[in-house]
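Provided herewith is a single structure, encoded as structure tokens, for subsequent inquiry.
Labels run A, B, C, D and E following the written order; every chain starts at residue 1.
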Amino acid sequence: MIQAALATGLVGLSAWAVATFPRSVVVFLLFQGSLLFVYLARIPRWLRTALLALALLVLMPVLGHFNGYYLEIATQVGIFVALALGLNIVVGLAGLLDLGYVAFFAVGAYSWAIFGSPHANIMFGGGFPLAPGWFYAFLLVGLLLGAGTGVLLGLPVLRLRGDYLAIVTLGFGEVIRVLANNLDKPVNITNGPKGITPISRPPVPFDVPYAEAFYFLVLLIVVVVVLVNRRLEDSHVGRAWEAIREDELAAQAMGVPLVRSKLLAFGCGASFAGIMGVVFSAKQVFINPESFTFLESIGVLAMVILGGMGSIPGAVVGATVVTVLNLQVLKGFSLWLNELKNAGVVVLGYNLADLPTQLEPAKYERMIFGAILVLMMIFRPQGILPVRRRARELGTP
Amino acid sequence: MDLPLLVGIFPQVFLDGLILGFMYALIALGYTMVYGVLEFINFAHSEIFIVGAFVGVEILLGMRAAGWLEALPWPLVLLLILVAGMAGAGLLAVSVERIAYRPLRGAPRLIPLISAIGVSFFLQDLIRLVESIWRNAFNLVYPTMDALNHRFELTETIDVSVKSLVVIAAALAMLWALHALVNRTKIGTAIRAVAEDQAAASLMGIDVNRIISLTFLIGGAMGGAAGVLFGVQYGLINPYSGFIPGLKAFTAAVLGGIGNIPGAMIGGVVLGLLEAFAASYLSLLTGGAFGAEYKDIFAFSVLILILIFRPKGLLGEIVRERA
Amino acid sequence: MSALFEARGITKRFGGLTALHAVDFALDAGIASIIGPNGAGKTTLFNVFTGLYRAEEGGVTFRGQPLLGLRPDQITALGICRTFQNIRLFGNMTAIENVLVGMHARVRLGLRDVLARGPRFHASEGALMARASALLERVGLLPQANEVARNLPYGDQRRLELARALASEPALLLLDEPTAGMTRGEAGALMGLLRALVADLGLAVVLIEHNMRVVMGVSDRVTVLDHGEKISEGAPHEVQADPRVIEAYLGTRHSGAPRRRLAER
Amino acid sequence: MLSVDALEVAYGGIRALKGVALEVGRGEIVALLGNNGAGKTTTLKTISGLLRPRRGAIALEGESLVGVPPHRIVLKGIAHVPEGRRIFNRLSVRENLMMGAYPRHDAAAIAGDLDRVLVLFPRLGERIAQVAGTLSGGEQQMLAIARALMLGPRLLLLDEPSMGLAPVLVEQIFETIVDINRQGTTILLVEQNAAMALAIAHRGYVLETGSVVLTDTAAGLSDNADVRRAYLGE
Amino acid sequence: PASSLEAQASKGTIKIATQSPLSGGQAALGEGIKLGAQLAIEKFRGGLEKRGFKVELVPFDDQAKPDVGVANAKNIIADKDIMVVVGHLNSGVAIPSSEVYKEVNLAMVSPANTNPVITDRGYPNVFRICGRDDVQGVVGAEFAKGTMKVKSAYVIHDKTAYGQGVAEFFKADAEKKGIKILGFEGTEEKSNFDPIITPIKAKNPDLIYFGGIYEQAGPFFKQAREKGVKSKFLGPDGLDSSDLVRIAGKAVVGMYYTSVAGPVSVYPQAKQFAEEYKKKFGKNPEPFAAQAYDSAAIAIKALEAVTKTGKAPTRDAVTAAIRDVRHTGITGTVEFDAKGDPKKALYFVLQVAGENPEKWSDNKEVKRLSIAAPPVKK
């Protein structure tokens, strides 16, 4: 009861605060924190759903209207949440270490980039870009392409174990990126390092601004992905994945078809990445191979593990934390330090304006991120929201 | 296609590949030793490697400033920076293990992996910070030692420089020493025992923590040596230039069969040769349609093929898991 | 009429080592035991039967259908299931989840059913749960249904493995040293359970055991392997008396009656 | 020689030992009996330092072992043959044996002990260069015991040495244990095969769900009705 | 505390943002952009401050990643005080980020993005003061044929939009002019060029053209000379850094490079810039630092024009004012055309004078070309 009031109050208060101080990173962080609190609080289910829906469907877009930066963060969080959930199936549930996951993201992104821009004219003569409405069809294409690529890669390599699989997927990820970087000759498919632009944006109903439209689209996809994830996890398919993760040989001996189950995991994970790739390319208007590096794959992996391997809320929170940390907290922190410096604030008798450029805070964001990763692993190795095992209702014999 | 050209450069490309391969092999040892004992990929090893290179260059720059670089005989200088690079990288590796990995013993396997990635990020920018303050630059150039650059012209197109020979000789010597250490000494046996079963090893009176530290020390030192040789051979280093060779070396370790010391060496050499031949020949063979930019694709494709046919790497144990 | 299960001329090599050499084995019903010294090839034979190893020579048929070349999961689907010598449960899953995984081969749902969560899905899940509970009850683990398998005591783990194997509705059950590490009392109880299962479900069972009390107590027939070859086969008392078996396996006192050594000191 | 008192050990929240007390006198064979999960292995692991007790005392000749890491406990002369053998599969038989003598530096004495051990287990001598993982189960058990003997221990902890062994081998192993004891090594033996264990032990303890419920001489236990029913299967 | 007093007296703060990679592998160049802009702001903000405005630099780290750049861009447009963005280093980040600036007509002045697409989109708020790939490659080819009189060339590039772009235009134009192209290769390799050099050495071209940045070109040239390659070297303005000789030493003495940043004889302030930069930051300017300096100077000039009346500036006004700026800086005289490209750019071909990095600014002009940006290709 107290928690219910607290949760409702917190969401309201923080939303009000964001509206009042639209530039304060700390206040926005409070808002994000209140959402987590709502999720974790012991409150009735309807209230939780209502509060989350209110916050995500109404408050967020409104706040985003005051400050597009927040909406951008929310949208990118959504994109990474979907990626993390996809990878969570592969790594968290099925236990297959995939270090080249971003390759599937790239495949989806390039599919719409090529046909949703004039670039395809180089290969097919004319008629491109496709009408923007095709974007919605390409969501499906991205999904299928992602899944197809996943299966294609999976077929030969899934009998590899552990780190051997990891290195092959790493190699595959690099192959896809290098291909994207090089396939501007002999036939120009990807336009190489120069990238593809302009990529059409989808038509939007009711003239919703693009930023809001993409936010809602990403949110919708995330909801679907979460739902699919939950249903898969809580079925014989999910149990088979988990069994494979625990003990491949025993799982097989108990009747779990290894290759088929693993392919399914690979395909599912890849399809989420594929669909988000399509969204990403339309949102960015421009893509080139630099968005699909190995570090990007590592980033998504860090999200999954930071959140708690195999846990759906964990993947969501992990993706959020990493993205918010990178785009918002660390950036906000360096901007704040920069302001102090510009204002010539004196700390312990030392004028920050005299700070040598070598110590410029913005340069060391990644160093801090690295330290945070290490500390998180040391102090919370099971992740932020580890899997909680539900007690099962026992059927009557 | 120009057949005489293709044949003519063959020995040179082979040599280039061999040098690169030995470099990879030395780095790969760090991955393989850590993997062998703790079964996780030490992503920070690429930074440990580059720290070796930085220690080497700092000493060289210091010696040049003091005017010793010309005064001392080059083999002595080289030995000095090698030892210093090995010590620096080895100690760093030991500290990293103490701080970032030891608290995670017994956690699921991917946890230390993420910690290692964190360490890797941290170290990259830490090196940069330190060098920025110290030298106000973090792209450092190895001072040239003329004696090392001397080339022996074998034919018109083929030659070999002293430093290339040094790299090969040093790599071979170190690989041999390590092999002997691990297989012929009591400490080496203890390392292998710990690799297999830590609890059982501790019941033998083996201080598992010390052996693990030792493993990091050795792996780090090999990486540090590779770093110094890398700097001497290729000239320019920065805090981020360890990353790609690290990734390649790790690939080499897997290619050879991860956890397997001779495997790391074979894997490194195979990968080095593959890369060198791809970079030199692809363009010549395809009339320019595909070029050196495809060398990594080529190397990785071969890797994937090899693993499909030998799922435990070239030298990995193929014993199936016992049911 | 051919036997329910029949293996002929199985040969399996590991590098230079011939772990099995032209072994024949057949079973129609009841409990058959395989005994033999350590390293004789007993577990290897199970691995061949269940498709984990591929034999170099020989053939296995089950209900007349050839098994060699099938994958382990396919063999399980046909009705052969096993336990492992060194328990291989899914340690981080609960007891009931372990049993549910064992039913995988019997689930008749497509991906579409899973994603749609229609009545078909709920009916199927409900039935699985009921059967899993019944199985746990049978082996006496119902109270521990929601315990994580890793935390169960050793004996319970053995019984859970048995329940998990039974979950796939096998007609033939292969048990690899199910009573290893049990006291006599516990081993006796487990064998009682096994006998009841055979009677109720009409199971055929192949048992690998070193515990002679158990082997002599429950087996209808005993096969003895040594160095990958069959050296003896027959009713328990016949095998027990076979001098080759005594020499290779049983030792001079085949039931292991205690010898009062202390008195000598 | 060894005394354990009021020992409590827990895995996470689960209490596995709830106040175990036992004594092992110099030169004795003491058997520790109990059902699955009674806490026998836990007791041995705690003595050899692999587990840290929550409470309680362990002392070897008056010197406390609580909180001492396993590799230091080994130095005090306690060797532990763990459950499931845990030999080093990828090392050769000789290397395994040399690992047993790891803390020792007296090369000559080690060589002498190696000869002694190989006399005790001639099979190992025949396979001295073989990779241990390819030994048969019984040979692996011999190796595990031999490896522990290479320390020259004062006290030998044996955890189910007969598990999974063919009857012939079980017999051999027990005979060897008696031989080892005769040569002066004190032995704490955990064994499911209660009949065999009581046959060679001087004294015994019965453990049930983490507590000692009974202790007596071996003969006394063999004659105890409860023990006969639960552990001797009558 | 002291600053809050000042703020009361002032009419507000004007911020100029930079976006460039400050961390990661490309940090050195990105930092050069930031420092160049910083120097210009500190030097030229006096006029605005006299009018009561506080002028600040806000550096953003785009990590060379498009998604980070876009998020920063959103953050930038949300800060109403930011009037101009100086950035980016990577075209891949600049293109999607400038889509965001365009939403609020915030001016972006690019010091380094040579990709034609940047301005070919015709956005009113996008400007660049650097040359374009298509022009610079042509300048190189012109020089190779006309002055160097080479008959054969081997082209290497770094597989980035910049390097490959320049290299392709060089190759196309050189072929047109009758130079035999013996090879055209891209590589992402940073350290080990042995296997690329071996075939080059065997083919022995008159000229090696390297489309890329000095960090990669330096080791390449050095290793090539060490391996006995005798060809001449040529490259674009990515090589214009004293670090090139620091890395490659005598291997690059006598090498030619094309650049919009002219020698001291033409732009006397250039020397002063280099000296001030060195004094303040303790190192020689990176490539594009000079361009960033000029970009920021142009921004300030436009801000001064807008605030003449003492009113606070608006983004629209600043953007419009930039279009009218005519500025003679250290990289030439800049005036923008309708697309935001420099109307006419002066290109120089310079030759590396000696081994000493301190003497980089002594590099001599060998040739000068004045070229207008080409019209958009349809």
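Keep this in mind: a residue touches a chain if its C-beta (ideal position, glycine included) is under 8 Å from a C-beta of that chain, and two chains touch if they have at least 3 such contacts.
Owing to the predicted nature of the structure, the values given are computational and were not obtained by experimental measurement.
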{"item": "Mutual neighbours - chains that touch subunit A and subunit D alike", "value": "B, C"}
{"item": "Chain of greatest Cα-centre distance to subunit C", "value": "E"}
{"item": "Centroid comparison with subunit A (C-alpha atoms), farthest chain", "value": "D"}
{"item": "Distance from subunit E to subunit D - Cα centre to Cα centre, in angstrom", "value": "74"}
{"item": "Chain centre separation (subunit C, subunit E; CA means) in Å", "value": "73"}
{"item": "Rounded Å distance between subunit B and subunit D, as computed from the means of their C-alpha atoms", "value": "44"}
{"item": "Distance from subunit E to subunit B - Cα centre to Cα centre, in angstrom", "value": "35"}
{"item": "In subunit C, residues with contacts to at least two other chains", "value": "52, 84-85, 88"}
{"item": "Residues of subunit B touching at least two other chains", "value": "125, 128, 136, 293, 296, 319, 323"}
{"item": "Multi-chain contact sites of subunit E, meaning residues that touch two or more partners", "value": "23-24, 27, 159, 186, 188, 281"}
{"item": "Touch list for subunit B against partner subunit D, complex", "value": "186, 189-190, 192-193, 196-197, 199-208, 319"}
{"item": "Subunit A partner contacts - residues on subunit B that touch it in the complex", "value": "35, 41, 99-100, 103-104, 107-108, 110-115, 117-126, 128-129, 132-133, 136, 247, 250-251, 254, 258, 289-290, 293-294, 296-297, 300-301, 303-304, 307-308, 311-313, 321, 323"}
{"item": "Touch list for subunit B against partner subunit E, complex", "value": "5, 8-9, 12-13, 16-17, 19-20, 125, 128, 136-139, 141, 144, 149, 151, 153, 157, 159, 161, 230, 233-236, 238, 240-241, 243-245, 275-281, 283-284, 288, 291-293, 295-296"}
{"item": "Of subunit E, residues touching subunit B in the complex", "value": "23-25, 27-28, 159, 183-192, 194-196, 198-199, 201-203, 215, 218-219, 222-223, 226-228, 243, 246-247, 249, 281-283"}
{"item": "Subunit A residues touching subunit B - in the complex, by the definition given at the top", "value": "91, 97, 156-157, 159-161, 163-164, 166-168, 170-172, 174-175, 178-179, 181-182, 185-186, 249, 253, 294, 298, 301-302, 305-306, 309, 356, 358-359, 363-364, 366-367, 369-374, 377-378, 381"}
